Amino acid sequence: MIRPLLLLPLAAGFLAFIVRSDRARRLLLVWTARVHFLLTALTVLSYLKGPGGVPFAAWLTPLYPRPSEAVWFSFDALGLFFLGITSLLFLGASHYAAYYLAAEKSDPGEDADGLFVFNNAPEAVFTGCLLLFLAAMTAVTSSRHMGLLWAAVEATTLLSAPLIYFHRHKRSLEATWKYLLICSVGIALALMGNLFLGAAGLKAGGGLDFAAMLAAAPGLDKPLLKAAFLFLFVGYGTKMGLSPFHTWLPDAHSEAPALVSALLSGALLNCAFLGVLRVNAVCVSAGLADFTGGVLVLFGLFSVVTAAMFMLGQRDYKRMLAYSSIEHMGILALGTGLGGTGLFAALLGALSHSLTKAGLFFTSGNVLAAERTKRISEVRGLWRRAPRTAVLWLGGFFLITGLPPSGVFLSKFLILREAVAGGHYWLAAGFLFFLAVLFTGMARVFIAMTFGDRGQKEGEKPYAEPAGMLLPAALFFALVLGLGLYVPAWLDSLLWAAAGR
Amino acid sequence: MEIIKPFSQYLAAMLLAPLLPGIINRVKAFFGGRRGQPALQLYFDLYKLFRKTPVYSRTATWVFRAGPVTGVCALVTALLVLPFAGRPSFLAFEGDFIFLLYLLGLARFATVLAALDTGSAFEGMGASREVQFAVFAEPAFFLGLAALARVGGQTSLSGMFAALTPETWRVAAPVLALLTAAFFIVLLAENSRVPADDPNTHLELTMIHEVMVLDHSGPDLAYILYGAALKLWLFAALIASMVLPRRTGSWAGDSALFLLAVLGVAVAVGVVESVLARLRLTKVPYLLITAFAFSALALIFQVGR
Amino acid sequence: MNTFAELIIVVVILLDMALAVTGSLSGCIRLVAVQGVVAGLLPLLAGGGAAHGVRALIFPVAIVTLKGVVFPWLLLRARDRSGARKDVEPLISYPASILLCLGAFIASSWLGSRLPLPETNVAWIVPASLATIFTGFLLITTRTKAITQVLGYLVIENGIYIFGLALFVEQPMLVELAILLDVFVAVFVMGIAIFHISREFDHIDTAELSELSDWRSGEYGK
């Protein structure tokens, strides 16, 4: 009863399966997102102001240090930070969805390449799963028990699988199957990691509660803790899309509807990252910072390299965005591995990447609607066909590749500085080199798509861009741009608290 | 008096062995709703065959004539190291289980050579199959005996089975259960019993053992049949000593119980033959690999214990 | 009493090997179900009859119902509906499978003896669980059908469950139930996906699910 943040999307999700009217269901989606965001904002506020700062907020959503009662869900700075990202993204996605679903309804389902006709999944199922997906992600950010965190992450996989299969055709089905199986098996390894974690704490009596584990960290059994970290890292790393466990990610992101790709990339990957952060914090407290840092830096850099390799010669612009997500997840892991300011930068990067990538995926949906193809080679001169979309597309490119000023730039710069300060010159050089490769690879695509020679197409009228499908992206881009210029004091303190300082 | 016991044990094994195929046949007949042959049929057959004159092909050499005799001699020797009802045999020495394995191998080698010596493609095919399956069956048997050696900490067969008590079953039940299963499968395969081979068939496509001995006649065939009975006895005795390690204390009581267990194994073989169909030839290795896996598992269990 | 638990562990390992050699799809489904039930009963049987209240009873009952009844039913239905061939169509031969399984067990025994795990009173439980997890991966990687991949997932889950028993990690009831619910929903959703795959592709051969790839030179669809 004390967790409206969890129960609201849950109840709304079940309701969405029953509601018959499309309009009512879309309203339900949008209003649930709004109320959820409001509640989140209230919780953040009450966290910043301290206990009693905001009336009723503590009653609405409990915060982390609580009396010793058995509490399953409550928030600390880290969870709250990711909840904020998730809620904000969902707010944008829900507004986008309202227009998207209306457009899909009036449109015959034709394959983007015009090869075959397909049906869409029932809208009720889609909306219901979307809301339940939000509930699961809220549970991920708010659970304070590793076991529960695991269950919630697995729930996000299962609830988002039907979302990827919204357009019912072969390719999306293939993507859904890969996503389901690879992530479920990966997550099963994380369960194994949880068991190791529990075994590591058998003598110290830590249990699997974060606070208790952090308190008992020095007494944990070190070799078992290492095993636990490796299993949890591989498990959540699979979900997070770190190379070489990333194979599901490009498929799922390219085949899902734009707003689902946005949520997957911007919110879901972060949820998995949260799992890695949780266990990393315990390991660092137990004095294993060198070990976990090494693993994180290794796989982080490898992800950046993989993304760079596949970015060159990429033919599908949604896949390209997916590889960019892998790159950013690699950067987050890298920052976390470096520790100190690096962790702060990683969190800032998570926020900036989520907003930018979500905006880009929203925009990619518009591009797809305007051009009816996902092939890079067939989209040329976008600015003539859909000028406002083109502006967003190009703007998003500048932001995501980390041109200053943007939050992405800030986070990349801080990580680079941390690497140099730590004496990891080769790491810094390699990182910079592959960022340059990624930049050129993406620049080629974005510039050709926006300005390339469109050629004459008979009777082509400018594409009518619905404002509702542009606004969320524009808003997100503005926020990221703002972050690059000025990080507000409250966000700064929240980030530092989340980074554990 | 004590010297008599191993001797009479040995004699009992030699004399009672031809009873087992008869029992199996009776069980099968019972399941098939027939009256079946008399249980002592093999004794009659042997008696009849010994009185006949063997016929030899003009192309066959001494290898062909030596085969059956070598085979039966190898098995008669093998029985020397086989314990009876948990009592030591005549000839027990360290590592005699390897001796046993080699004697079984020698018997097989003699049979195979004799089959090849006929020059018939048909018998060559049987020899090839026999060797092919032996490749799978022998490691299973060897690993199984090795595991058993680990259980008792003894390397002679007599020692192994003497060390086996009801207490062992309580402590190492998984190992012994696995070994029993593995040995039973090896028994079925080595004695050309049903899932692996069919002793009654004379269909060229499916035969393994029968086809190798088609050209033998008279006393030679008798040797082969008798050797087969001894081999069956040997495996049945191993299994019986394993599943029934109970000691009554008296020699007679133990022996009676043991003989009952051996007959029980024969009945079990009969039941298996009645309820199972013969496996396709290509599937037989799977069966033997299963036995191998059982033995290997038992060995791993025992080593890590 | 522990001898009894050890026998059960042996049964679990034998079921792994049986899974490696069983060619029939329905046979595999039943074997996985049996393994799930055996694993679910393990805490009751190994505990020496000392009941730990309601929890000790409810949970095994839930597991046995789910893994022994619901999952096989769902999967057999998926198999019938998909009209798939009746065998598992392995990519490697059955003897190779069983030898891999055996090798995995040997490796797991070695690993189990090296891991600094708390002392268990049931021998072989750690190697058995690791070997079971390996068998799950074997099923996923060397069998082509979508259903066998779900089976592999379930076998991995069984292995992890046994591993949890070995480590004495008592997760709270709520967490255990949440995990169980997740597994149930996973199988349910995968079952639906299999149904759609069979309808869309006329087969459930995952080796053919290869249109999305960055390694192939051709553009998809053309």
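Should a chain be cited, it is by its letter among A, B and C, assigned in written order, with residues numbered from 1 in that chain.
Going forward, a contact is a pair of C-beta atoms (placed from the backbone, for glycine too) under 8 Å apart; a residue touches a chain by one contact, two chains touch by 3 or more.
No experiment lies behind these values; they were computed from the predicted model shown.
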TODO: Tell me, please, which two chains come out on top when C-beta pairs in contact are counted per chain pair.
DONE: A-C
Open item on the list: Which chain has its C-alpha centroid farthest away from the centroid of subunit C?
Closed with: B
- [ ] Could you give the separation in Å between the centres of subunit B and subunit C, each centre being the mean of its C-alpha atoms?
- [x] 38
Open item on the list: Based only on mean CA positions, could you tell me how far subunit A sits from subunit C in angstrom?
Closed with: 30
Open item on the list: Could you work out how far the Cα centre of subunit A sits from that of subunit B, in whole Å?
Closed with: 67
Open item on the list: Two-or-more-chain contact residues of subunit C, please, as numbers and ranges.
Closed with: none
Open item on the list: For subunit B, give me the residues that contact two or more of the other chains.
Closed with: none
TODO: Quick one: which residues in subunit A touch 2 or more of the other chains?
DONE: none
- [ ] State the interface residues of subunit C toward subunit A in the complex, per the touch definition above.
- [x] 115-118, 133, 137, 140, 146, 149, 152-153, 156-157, 160, 163-164, 167-172, 174-176, 178-179, 181-182, 185-186, 189-190, 193, 196-197, 200-201, 206, 209-212, 214, 219-222
Task: Interfacial residue positions of subunit B with respect to subunit C in the complex - done: 170-171, 173-174, 177-178, 285-286, 289-290, 293, 296-297, 300-301, 304-305
- [ ] Spell out the residues on subunit C that touch subunit B in their complex, using ranges where they run on.
- [x] 3, 6-7, 9-10, 13-14, 17, 21, 94-95, 98-99, 101-102, 105-106, 109, 113, 123-124, 127
Open item on the list: Show me the residue ranges of subunit A that touch subunit C in the complex, using the header's touch definition.
Closed with: 72, 111, 113, 115, 145, 147-148, 150-152, 154-155, 157-158, 161-162, 165, 168-171, 173-178, 180-181, 184-185, 188, 191-192, 194-196, 198-199, 202, 208, 221, 223-224, 227, 250-251, 254-255, 310, 314-315, 319, 375
